[in-house]
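Letters A, B, C and D name the chains as they come in the text, with residue numbers starting at 1 for each one.
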Amino acid sequence: MTITVPATPTGSLGHAWRECVGTGRANLSLRHDFVVSAALAHDVIGFRHIRGHGLFSDDMGVLRESGGVRRYGFTYLDQVCDTYLGAGMRPVLELGFTPGLLASGTQTVFWWKGNITPPRDLGEWTGLVTAALRHLIARYGAAEVRGWPVEVWNEPNLATFWDADQATYFRLYDATARAVKAVDAALTVGGPATAPDAPEWVRAFGEHVLADDVPCDIITTHAYASGPAQHIPFGVYQTLRPPSHLLEQFALPRGLYAGTPLAGLPHWVTEFNTSYRPDNPIHDTAYNACYLAPVLAGGGAAADAFSYWTLCDVFEEENIPTALFHGGFGLLARHQLRKPTWHLYAFMARLGDEVLARGEDHLVTRHADGRLGLLAWQPLGGSAEGPYGSAPASHRLRLRLPVGACPRAAIVRHRVNEHAGNAWTLWRELGRPASPDSRTMELLYDAAEPAVEHRAADVDADGTLLLDLTLERHEITLVEVVPVVPTHHEGLDDTRLLGHEPSDDEGRR
Amino acid sequence: MTITVPATPTGSLGHAWRECVGTGRANLSLRHDFVVSAALAHDVIGFRHIRGHGLFSDDMGVLRESGGVRRYGFTYLDQVCDTYLGAGMRPVLELGFTPGLLASGTQTVFWWKGNITPPRDLGEWTGLVTAALRHLIARYGAAEVRGWPVEVWNEPNLATFWDADQATYFRLYDATARAVKAVDAALTVGGPATAPDAPEWVRAFGEHVLADDVPCDIITTHAYASGPAQHIPFGVYQTLRPPSHLLEQFALPRGLYAGTPLAGLPHWVTEFNTSYRPDNPIHDTAYNACYLAPVLAGGGAAADAFSYWTLCDVFEEENIPTALFHGGFGLLARHQLRKPTWHLYAFMARLGDEVLARGEDHLVTRHADGRLGLLAWQPLGGSAEGPYGSAPASHRLRLRLPVGACPRAAIVRHRVNEHAGNAWTLWRELGRPASPDSRTMELLYDAAEPAVEHRAADVDADGTLLLDLTLERHEITLVEVVPVVPTHHEGLDDTRLLGHEPSDDEGRR
Amino acid sequence: MTITVPATPTGSLGHAWRECVGTGRANLSLRHDFVVSAALAHDVIGFRHIRGHGLFSDDMGVLRESGGVRRYGFTYLDQVCDTYLGAGMRPVLELGFTPGLLASGTQTVFWWKGNITPPRDLGEWTGLVTAALRHLIARYGAAEVRGWPVEVWNEPNLATFWDADQATYFRLYDATARAVKAVDAALTVGGPATAPDAPEWVRAFGEHVLADDVPCDIITTHAYASGPAQHIPFGVYQTLRPPSHLLEQFALPRGLYAGTPLAGLPHWVTEFNTSYRPDNPIHDTAYNACYLAPVLAGGGAAADAFSYWTLCDVFEEENIPTALFHGGFGLLARHQLRKPTWHLYAFMARLGDEVLARGEDHLVTRHADGRLGLLAWQPLGGSAEGPYGSAPASHRLRLRLPVGACPRAAIVRHRVNEHAGNAWTLWRELGRPASPDSRTMELLYDAAEPAVEHRAADVDADGTLLLDLTLERHEITLVEVVPVVPTHHEGLDDTRLLGHEPSDDEGRR
Amino acid sequence: MTITVPATPTGSLGHAWRECVGTGRANLSLRHDFVVSAALAHDVIGFRHIRGHGLFSDDMGVLRESGGVRRYGFTYLDQVCDTYLGAGMRPVLELGFTPGLLASGTQTVFWWKGNITPPRDLGEWTGLVTAALRHLIARYGAAEVRGWPVEVWNEPNLATFWDADQATYFRLYDATARAVKAVDAALTVGGPATAPDAPEWVRAFGEHVLADDVPCDIITTHAYASGPAQHIPFGVYQTLRPPSHLLEQFALPRGLYAGTPLAGLPHWVTEFNTSYRPDNPIHDTAYNACYLAPVLAGGGAAADAFSYWTLCDVFEEENIPTALFHGGFGLLARHQLRKPTWHLYAFMARLGDEVLARGEDHLVTRHADGRLGLLAWQPLGGSAEGPYGSAPASHRLRLRLPVGACPRAAIVRHRVNEHAGNAWTLWRELGRPASPDSRTMELLYDAAEPAVEHRAADVDADGTLLLDLTLERHEITLVEVVPVVPTHHEGLDDTRLLGHEPSDDEGRR
């Protein structure tokens, strides 16, 4: 079956897919390898915001006491913000966790011990919030900071992250949101930053802010597709629900708030991924990229932003990784080694802004200069598929593309699958070296490069071209179609060039 | 037929193949794109010397006159040498052409008008030589400059380059060589820098320096394989003699001087390539790389250095190129776009230092850490082959490699042929755009990347591995074989990972 | 006498002073050292446009012939434009000189032989203009290229630059301007790019374009202050008229065209400097910077742009310089060595946008954040002053500055004079080494750094501060005044710190 | 009184002063700002080794447990070593503190909680040591790692750092040293890394290793000059003993071990500074630099290395600093802001290798090319001086320098004192802003630049030059004296140049 792609756009690609990306705790953004990852992401993908936990955790030094005197300290906060802005990204100010000096208890989350107990005194807490925001505005200007969404806490619906009940969260939210607006009414504040599968929480949050007239400018929630963790040492395996489930989670608040005054608010999915575990090898695979392709292609219809968790493997929630590949969330492994899902984002970034067609295995776009950019993938169903959720060995799709009035087109294809653009596969072949030396890294960098194919083709008289693509298992493919007007070169005759084959049709031109 | 590669080295790879590289006239080394090309070559290939024409041509400003006063000027000479040293290369000081103020006539060569007439006064000439060398020693130190071979003139056996006879060249040589040694007896000076097919010239030069006891520390000659130029506008086509012909040219002086006091002198081929024309499209092809592979693999046995003419397309002998690809000599096209022959050099640079085997289609080496590095190519015969010198569509070779006592090996292959690692092919498919915009350049960079394949294989009980390679037409291939000792990971079971295929044998480990 | 600076701005500083800068012929912009200079200028000064000669000269390769076929070539033109844009500057497209293939004669200007004869056939010329502009628009987009003023020829009123009469220039102008507008009516085109002291030419040009309804969007003229050249080998000396003379030249077209339809057109001084000679040592001196300070401070009232000729000493009009300092036009000497006039521009770039006061020896500005930025200089009169135009050994000025309601202020002063920020002086002390080695360059870089002084002062109760400045001979000074609100630090007592002096008043805080 | 400096060298400057530098805990070397500081130190100073605490602390992840399985992890260790080597420095492998999984207790030191309890099981500990060293050798090669001294623990003579007695340390040392040598007998191992004022400990250590024939290749001790800490919030004040006291500490082991088999061992002072507190403002002052000048100038006679504690303010022992300047150990404050003591090191790095004279206020050296390099300082006595240890307002010294047979010399002086090269002074004038914005940082960078003065002088007929220097309070000065042979320039006459003053003697040349 051949799908005919219309020449008239059906919409705009937009930026929801790269509006935001996640990262490890704020202090890790001070790391050199993070800085390099962020610069690479800026050049290749162009994320617009970034969000991590722990802005107020003790390793950020925002509140210190010495000789009975307390002092706010924004040394590291400034460095973190400088780093983000230097990489072209604005921070999402996720406020948390509780500084030890303000905490009501000692309960913590993660290896790095984020304090998850409510502030002992909301006045002390809002004092910190107020001081931090005023400092940031003094340093970066109000116009800039107004573009930084403020999010109150992280996943308060989980006991892992919030050692208190919903009512206590709402009190925290209210005090914080009001303090934010008191600093500058044009700042953007929101929540509830809930973990997945919590529609009642999201609904209750909406009812609460409406009932009490609490400031709320943005709704934030999280989305993951994975089932329970099956542990092995230093790792877990999990099942996955189908990709459509992620899109449904993206769309949840719009459904819940339809018809209320909250209906028009921006909705950001401030975390999403397949698995919520930082040690599930799925994140390192082509399967992950292929599974998420329809989510990136279609998510913009469901949310204003959806933020991949996370940019890179500079991350320590479970502890310090002992091996190069360890199932980390990152688009980039350590040493800037690109994973298949990085390529998914890089492919998206090379698409045009006009959307011509979107289907279950493809997204066709056009650039302002007439080039077509096409993303294709093998549709995956998560665990619903055969044993181990495996997919067929290949997937074929045929598209009739509108190239326009042009005799020829050049077609360039980039492939990522179980073999191509897949350093993880080579790493396994190399015996899974924990900390590869520079010579081995060189091989891995080579293997991480997507395979490239190219050819020229005649455009049909009606200005269309039939593209017949066969994808390998778990493949994502980027195809760029360039209308070609050959340059005239008098006397040129490739058949006179040594080594020419008469069948090379380019020689005629 | 399978070739068994022995585990005992037969020799060392050495550096003759990268001892030197050619470049356009000295003034062009001031260009920004040249600087970038040189840095890239340093990082990837590691050339040790560099040689271009025109150190004394008027656009270098080495001699000026104003108000009746003459002054030497070394501003640009210093910048050129700084550039070379900054890229890890030492200059070969090819002395020429004649500054206008010293010339006996107005005859020039090239679009950039190098004056090819003998100096009117050898004393003025040696005055310049002496001043320049003294200045360089003051600036860079004698120890450094002693590593810079001084070559007297370029191709004096051709009327194109030397508007005088052999005896006049010998007088120039004698005066110059003696002036060089008078500055510092430990400097290295030599000639005759002859164009190919001039055995009588080379012989006469040897007899001359011996007869008159003229200083000569190094012998330099050139080698090209091309026949007469068949012109079209902005280009030429030519036939090529087989690669062995180049190796014979490399070996020429050793044969001619055998048994004389010159026999032990280093011999540098200070220029070589397939075609001697800067507008023959052959330089842009995979054919060129494939044809030269046995020359690079074997040339070290015939000469102490053989210098590819040239590093990059920052070059203006025929005039200023009007198109990105134009048959230029460069390993790199403009904008650092890598041609197939660049990859040949890059592949050589990834080989080990121990040579295990060398054959008509392969070179097998080993690194100190046990990895094997193997270069393979399809043997080409120049114009001797069928119509247009074309080769078969594929070439197969089988090698039994000594991997050592290790259960498994990872095999990584890099391929360059008519399609892979070949931006020129895509450029033709794109209609040969003269000056591509940045979006098109991005596609060309992608196409210039060699194709990468990788797999794991069991090593046989005797520590060997059969490598069965099929090369496409005009292909050069780099294969790296890494002995593998798998890391143990308790509980690891790739079959539990979503998307796994039971046939993926890496999963067992 | 003390000048009281008002707290209310009198105007905006604007960008006329950095709207444009000059550079050597276009081909030199391909040089590596030019690229580095341009990047430095972008970071420190922020020029917005750049203009050089020779876009169409033969070393740019815009028109070539081979085998009877002519071809336009935009390889270098693209590289030049890429370079400018990469440094944040847009080109001024000065169209000239005549390509050899189109020229009506062989008369040339400069060492680099720009052909100054009119095109033999205006159709061929406009063909080239049309092709070049279309190519640039295809590559950079019409929106971008519309910001690049097109200027027809250079100084046609001088026989040195135009081997024909005024009427012939007008014909060239008319054909060119119409061709430009035919490509895109929104492009900006203008002239007459006249050398100084040519009011009749400027007037005639205006009358001509009005009479014949020729497109003209911008008026361009040049301004220099120097008298006749007194030659020595490799250099010249000249007298200078006072700085006010330059400002009068800037203002000339506005006066001439007042009341005509041309009155509202933007006027760009596309070249200005003290001396018009590239080998007058005046360009290397503090005198040059000090002389030009009132021109930069006040020029914006007289013209929309005034373009210093030139950015750097990568310049070859008189030939290739034989020494580091040689009287070149550059703000930067070779190797990015900053001259005093560079510092004048750098000081201007650190001023605020609000102008509070402008006088014969000062310009006082304020930044949005309340800091004051003040440029002061010793007024110079050109040759009108005593023997050799020398100025008094010092100059004093007193300003009462409006700091605002703040107890203290920090005052940071940067000085450049005959000693400070003056590598040229050290270079003379070092014996004028022609091509200094890297160790000597290090000393010169140190000497090029402006002297910095700083102190704290009490602000008077009325929010003002008396600044009493004494400048050395030929000094330019930047003063930054920062209102200070001290941070409280409990227990802090500098008198308890080892080495403290009780008189250090900072210790009290 | 004038000191006559002889023309014959008395010795070589050597590298003891830059053989090593200290840094914060290993994990902090992963920070971006550390990487930038290290690169700057490499370029300017050229430290050869670097040493920090906490290689085995839990934030380095060297030992992890999951699902009952233990695994070594060298991810971060590799990154830290890569960083050091990338900055041209080799690590000193200070082994410690105890990983939580191996510790016998929970006692910790510092805000970052280094575990100071002995390993529960020495076999587990040496297992870690052995694994780490084997890994490093596999990764970097034995030849490289043999250049990395291994030091056992830090300051075991203090209860703060070692929660056990001397005998327990000796057991730790013995087991560790033997494990190190078992990995590779050519590795370098040593101790006892004692805090100052512990001669009995050092003596006992020597007796112990000799008595029990324990491997020991290097002796390490620490030296500080400060008295007890007088606390204020976020800071301390302390007295200092005179600089000679530091030199005596350096020399201690040589005295103690004289006549024993340990006498010939290299002795490294692996930590020294004025104050041992990371919050004593003395570290930010010119006093600190001036006080340490004789220590750097003379320390090489007393020890083979003395390692300034520390390179930069990326340091967290006391907690996270709340202000830019906070009395941190660093030569560099945050954002690479150079402190006076940085300049002391930078001045040392510009001296020549031949020492001509060394005195209480000067060190005179000569470079291979004949230039003289001279460091001068005001002698300080620590707290022994008047109130607050303050020194006179100025210090004068006169040296007759041997310049050689040359008519003239250029003299370039760099000054750092309470005002010049002193961003800390400006920072106080600015009101001590905790986290300055980029505009304020720009002012601070300017203020951190040493003041530069230069002049030419006639050399006396005997080839000497009298240098009469007056230093301001707490000043260190670098003077470079360059013999000058003026270049001849026919017709040059500075008196013809506008703005010239007849008294400018350079004009005569």
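Everything that follows uses one rule, which is that a residue touches a chain if its C-beta (ideal position, glycine included) is under 8 Å from a C-beta of that chain, and two chains touch if they have at least 3 such contacts.
Just so you know, these numbers come straight off a predicted model, no measurement behind them.
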Larger contact count among A-B and B-C belongs to A-B
Compare the contact pairs of C-D with those of each option in B-D, A-C or A-B, and report the one where over half match by residue number. A-B
Centroid distance [mean C-alpha coordinates] between chain C and chain B, Å: 44
Give the residues of chain C that touch two or more other chains, as numbers and ranges in rising order. 67, 69, 232-234, 323, 434, 490-491
Tell me, which parts of chain A touch chain C in their complex? 67, 69, 490-491
Interface with chain D, chain C side, in the complex: residues 230, 232-235, 237-240, 281-282, 285-287, 323, 367, 369, 371, 380, 382-383, 387-391, 408, 410, 412, 414, 418-419, 425-426, 428-434, 439-440, 443, 446-447, 449, 451-456, 473-474, 480, 482, 484-487, 489-502, 504, 506, 509
Chain A touches which residues of chain D in the complex? 30-35, 59-61, 64, 66-69, 71-76, 78-79, 83, 135, 138-139, 231-234, 319-324, 334, 434-435, 437
